[in-house]
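Chain naming follows the written order as A, B, C, D, E and F, and within any one chain the residues start at number 1.
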Amino acid sequence: MRDTVLWAELAWPQVEERVKAGAPVFLPLGSTEQHGHHMSLNVDVVIPTQICERVARRTNGLVLPTVAYGNRSQPRTGGGPRFPGTINLSAHTFSMIVRDILCELYRQGCRKIVVLNGHYENIWPAVEGIELALDSIGRRVEDFVVLRADLWELVAPETIARIFPDGFPGIELEHASVIETSLMMALRPELVDLTAARNDGPAHFKPYDRNPKPAGGVPASGVLSLTEGSSIEKGEWLVADITTNLENMIAEEF
Amino acid sequence: MRDTVLWAELAWPQVEERVKAGAPVFLPLGSTEQHGHHMSLNVDVVIPTQICERVARRTNGLVLPTVAYGNRSQPRTGGGPRFPGTINLSAHTFSMIVRDILCELYRQGCRKIVVLNGHYENIWPAVEGIELALDSIGRRVEDFVVLRADLWELVAPETIARIFPDGFPGIELEHASVIETSLMMALRPELVDLTAARNDGPAHFKPYDRNPKPAGGVPASGVLSLTEGSSIEKGEWLVADITTNLENMIAEEF
Amino acid sequence: MRDTVLWAELAWPQVEERVKAGAPVFLPLGSTEQHGHHMSLNVDVVIPTQICERVARRTNGLVLPTVAYGNRSQPRTGGGPRFPGTINLSAHTFSMIVRDILCELYRQGCRKIVVLNGHYENIWPAVEGIELALDSIGRRVEDFVVLRADLWELVAPETIARIFPDGFPGIELEHASVIETSLMMALRPELVDLTAARNDGPAHFKPYDRNPKPAGGVPASGVLSLTEGSSIEKGEWLVADITTNLENMIAEEF
Amino acid sequence: MRDTVLWAELAWPQVEERVKAGAPVFLPLGSTEQHGHHMSLNVDVVIPTQICERVARRTNGLVLPTVAYGNRSQPRTGGGPRFPGTINLSAHTFSMIVRDILCELYRQGCRKIVVLNGHYENIWPAVEGIELALDSIGRRVEDFVVLRADLWELVAPETIARIFPDGFPGIELEHASVIETSLMMALRPELVDLTAARNDGPAHFKPYDRNPKPAGGVPASGVLSLTEGSSIEKGEWLVADITTNLENMIAEEF
Amino acid sequence: MRDTVLWAELAWPQVEERVKAGAPVFLPLGSTEQHGHHMSLNVDVVIPTQICERVARRTNGLVLPTVAYGNRSQPRTGGGPRFPGTINLSAHTFSMIVRDILCELYRQGCRKIVVLNGHYENIWPAVEGIELALDSIGRRVEDFVVLRADLWELVAPETIARIFPDGFPGIELEHASVIETSLMMALRPELVDLTAARNDGPAHFKPYDRNPKPAGGVPASGVLSLTEGSSIEKGEWLVADITTNLENMIAEEF
Amino acid sequence: MRDTVLWAELAWPQVEERVKAGAPVFLPLGSTEQHGHHMSLNVDVVIPTQICERVARRTNGLVLPTVAYGNRSQPRTGGGPRFPGTINLSAHTFSMIVRDILCELYRQGCRKIVVLNGHYENIWPAVEGIELALDSIGRRVEDFVVLRADLWELVAPETIARIFPDGFPGIELEHASVIETSLMMALRPELVDLTAARNDGPAHFKPYDRNPKPAGGVPASGVLSLTEGSSIEKGEWLVADITTNLENMIAEEF
């Protein structure tokens, strides 16, 4: 079978062998969510998957199938449910997926897990899914190490400063904006069409949520900040940061 | 953006446009499950995904991201939990995923849904997921049509007879066997390595389940029947049958 | 108290005594579901209950109260929800019942359990209920043996061939048809009235599900195949097969 | 088919006809729970089932299959989990059963429901099951009338005074005692063996629960009060009271 | 920090110290429910909280924050959902709260727990919450002692006789009546205004529940019995009884 | 009854009257969580409760009982589960509480709801609870307006700049630090003892989570940043900002 880090593209004896050899196992968490006129709905799937693949190659790891549906998109961080194309899971469903997968990994003897999240709204239900798994497995299992990272947290402050010389609008507003667009340009350029970008941002959100979701606030494009200034080069800076930090994390924790 | 039927590789305005035009929406259901020494763990993902893509191209449809984790593998139909690499969800989690996705599709105005399943153990939790969605949406919504098919049910009996001139062992035993192997050879040959096949089948199951799972019964390879006799040509017969039947189903029901 | 194998008709010290003596414990799973104009709604309760009683008498076993409500009837296997009289539980509720009962049996020291199912749609939620119980009890409990059988799987192929000399339509279509009718004639003849049978079958189902449930497909009577040819004699053949196979299963596994 | 009030012993067209004619539908709620050395474990099933049958015959009603497993037995009201033979469901599972059944009855056009409970610990999860059904069906459905009664609440105070001339110990202590024993003697005498009664009561409970369940408190027999003085005649008084009150309730409410 | 028995008003090192010293931990269970024109909605919060505080002071205990929302109010015991101001939780939500809190207490090393309930409808979901916690923690944990009491069960019969010289109407009818009113007059007199009492009771309930909730039956005021005769003195008798019995219970069980 | 904005200290007719008059209803969300050696465990309860009371007095509003138990504390934002005194609910339980309360408010005719959160880990399960309530109530209910705010989001940037002239460490690190300490000094000074503060911070967290929770990272005191520099005056600035912003929000949205 092919030389690959993708768990699902291996036959079971190959997975068994690598797990026995202590391979770190990566679980990418994504979503199917609008990312403006200029990018496909799978941005939150592509980025953590590709990052995991790169790091897995350097760490003899394995990458599980990405969870392609994420927790409910919210207006202030992803545009919310009003955009066609966005498919939301409820938080409890999402947590149960994470729980079930982790319980299975534990049962199979995997002891080094990296959960890498690419969708803002997944943060808390992923945390809860890990907690639920530990509730099931038993808290005394000290040798089952689960690391959970949001990929934007792995970017160095200096890189942020370099990308945003006029000041960083904050990670929540980065939805479909320079960071994600640059990363996609570096990783899957055929899924980006900058000429289609509307540039109707940035969003000006009130500091609270409102239900029913207000019509205003979210730019009509779904881009919360700006796409202008996105570039392959910036994407490569970001990829370099994130992969390096993941490698360091793995070296340190496992 | 690219000309594609993949929902997730489109930008949201493109999805909106196609949904408004009445595109049938395909939801492939798969699993991450052992398929012998000679095939990758994503067989149940690859086959329904590829079939959906082909049919979607001919019906102006859209294909959602495949649910890549399935309901718990059982010894008599998929080898069961003892094989490394198999990642099981509980039935309730799986049903909730299907429910949540269908509720979202309804909310977005999709009215023609095709759920295509490639993993035996998903049958019933997929049925339940649809029922739960209809419980939520309300049963009176007569214009929300959800078709659910298991891909092996769409093979013509004559094709089965042609592939198995000595008699068909039954679909449950086909796990990782001639039908699935031939389909993979036709669809993703790089994920099949016939030279690695063990040919230690067929399984001789007792007509009941036992827990704890018995060590015996399931062939050590995980192939429940036989791989011998698999071929690209047979895979193409199967693909032709299934895609034709799906197209007919869509022409008739929508 | 009476000499009986019915758990519920014994006083608790009698149950305790028999469990300590190693009695196998039978849990029949049924449903309340239409079975045509000619049979009562409790067919799926009567058959597994009576079979369990007979086998329990020969194996010093105990028969628990039958779960009288089953998982949602589906058009292709039981007629579906459109028939008055059919009372469906959701799959999760049904699984929880099985889980709770098994956990209680484990707690009480029962170690030999036979779950005998008489309703097609119960197969998977019963499997899941057992899995959930093992999740709760802990997977390492190797001495807690749970056998799960669907009663039609225990009929010998030769008997099927003898009953259907012109070819067997398949077990799914047997709903309220020759097998079930003959079994009821042998077991509870007062609940069968062959003169009321409509003989509007067999059903011609498409090889997929449709929601909303289509009006067509299911014969108006609810009988999916045929009642003609049902007889007490055939019922006795079936009872003999099933009970013998259950006894063999118990002799072998416990 | 036979002339019966048992829903499950009718064919579906007969159920349809009676429901259309406005038949009240009875759902008996029972349990499988120890009732001393002198009575079988199905006391809480037998009594509400038999009572429902009698009343249904006089009111052209239908009796659904009794829910044979009840909510967790507690030491102060049923002896608790330490007695072999008692099979407990969790409260949520029990509520879900009641919910699912009521939702099905509503869907089928039943509008007059009587839930008759025979197991003390079922009171609150039955109430919750009804609430959950109404949550699902919608609260504005004013024509769906569900009456819920605990059978001991339907005994006239004068009858209690006549049965207990020296004072009534209270309904909670009546578990397996004079009221239940007399009712069983009147309804299913073959399931009572007064010579086996231990008469080690009455229980002297502290006015609070303790977990882990204390070994003391519950008499070793499981009879919370006394069996002495039980008689067929008293059982008939009780049956007369309960059936009359149920008939009056039905006459008044439907 | 202040000298207090309130867990939430201590800093964590103080809680740690007291738990290590073996402090009994009190969890008061309340509700937000109508209590007539003359009392505030927090009666079921105030009474168990204040009682716990008094007993904790004498037993070196700690009082957790009171659960301020209770299980669904029912017409026959609390007036039911028709009264503005009453906020109901579903039974399962309530049970989960109790479960989660108990699991946390166990994890922290607390081994002596007193759950004191002040709301009739909480009885059974509190019992279930404790059972669920023990299901999670494991039943073999014999040193984790959880006592559960309903505060009205801790009143001596002689006190009841003294308060109701003309006969006790029963605890269910005491909702917002003499016992609760007197207790509030003794504990938080500023939340009682006897001049606002309507005295339109007592309620005359039928011995069964009806859904939809009938308009009649419950007095318009929400007071199920009578407020007349309430007094600070009677409240003090009740407080004395309950606190003494709790102290005795603690002395005996821990 | 007293002149108060506290829902629970009013009698039901008073709540009814104010709800009919259009009172905004405030639901404070808190937790029971360690806040260092120098503050009580109820910091997250006190602050949103007091803020809601102040704003309710100026807007003729009503304040519901604060939810006193919050979602699981995490090391990077609240110290995590290792600190005695912290009592965590699971995310799903917390979401169900919020859901149930909102459904009840809707049922009672409340149409203007303000959910004010004081515990970082509650953000997402509160969002989910609101979504679940809207799923139950129906999404078309456009007149049921629910505003959700985290209190720290309502502080003006200039105030942050004034409090942290040397740069703001970020809201996550503010746990038990200058903002919360100053707020408590202004609102409930008797629950703060600055002399007990350890000043062992600030925390230096890695940019990812680790399970099992690492021993390091969280300062031993539980204070994530610094207490030094806390003052009543700063607390009053913060109270002024938050209450003003809440009033503006209410004026604008209702």
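Just so it is clear, contacts are C-beta pairs under 8 Å (C-beta built on N, C-alpha and C of every residue); 3 or more make two chains touch, one makes a residue touch a chain.
Chains and their UniProt names: A, B, C, D, E, F = Creatinine amidohydrolase.
These numbers come from a predicted model, not from an experiment.
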Next on the checklist: Strictly by the touch rule at the top, which chains does chain B (Creatinine amidohydrolase) share as contacts with chain F (Creatinine amidohydrolase)?
Outcome noted: A
Next on the checklist: Quick check on the contact graph: shortest path length from chain E (Creatinine amidohydrolase) to chain F (Creatinine amidohydrolase), in steps?
Outcome noted: 1
Item to check | Same or different contact residues where chain F (Creatinine amidohydrolase) meets its copy chain A (Creatinine amidohydrolase), judged by the half mark | outcome: same
Item to check | Contact-richer chain pair (by C-beta pairs counted) among B-C and C-D | outcome: C-D
Checklist entry - Once you find the CA centre of chain B (Creatinine amidohydrolase) and the CA centre of chain D (Creatinine amidohydrolase), what distance in Å lies between them? => result 47
Checklist outcome for this item: So, in whole Å, the Cα centroid of chain A (Creatinine amidohydrolase) is separated from that of chain B (Creatinine amidohydrolase) by 26
Next on the checklist: If a residue has to touch 2 or more other chains to count, which residues of chain C (Creatinine amidohydrolase) qualify?
Outcome noted: 90, 92, 107, 135, 139
Next on the checklist: Can you tell me which positions in chain E (Creatinine amidohydrolase) touch chain F (Creatinine amidohydrolase) when the two form their complex?
Outcome noted: 1-2, 7-13, 15-16, 19, 32, 34-42, 45, 64-69, 81, 83-90, 92-93, 96-97, 99-101, 104-105, 107-109, 190-191, 193, 196, 222
Checklist entry - Contact residues on chain C (Creatinine amidohydrolase) for chain B (Creatinine amidohydrolase) in the complex? => result 71-72, 74, 90-92, 95, 121, 123-125, 127-128, 130-132, 134-135, 139, 141-142, 144-150, 153-154, 206-212, 245, 249, 253
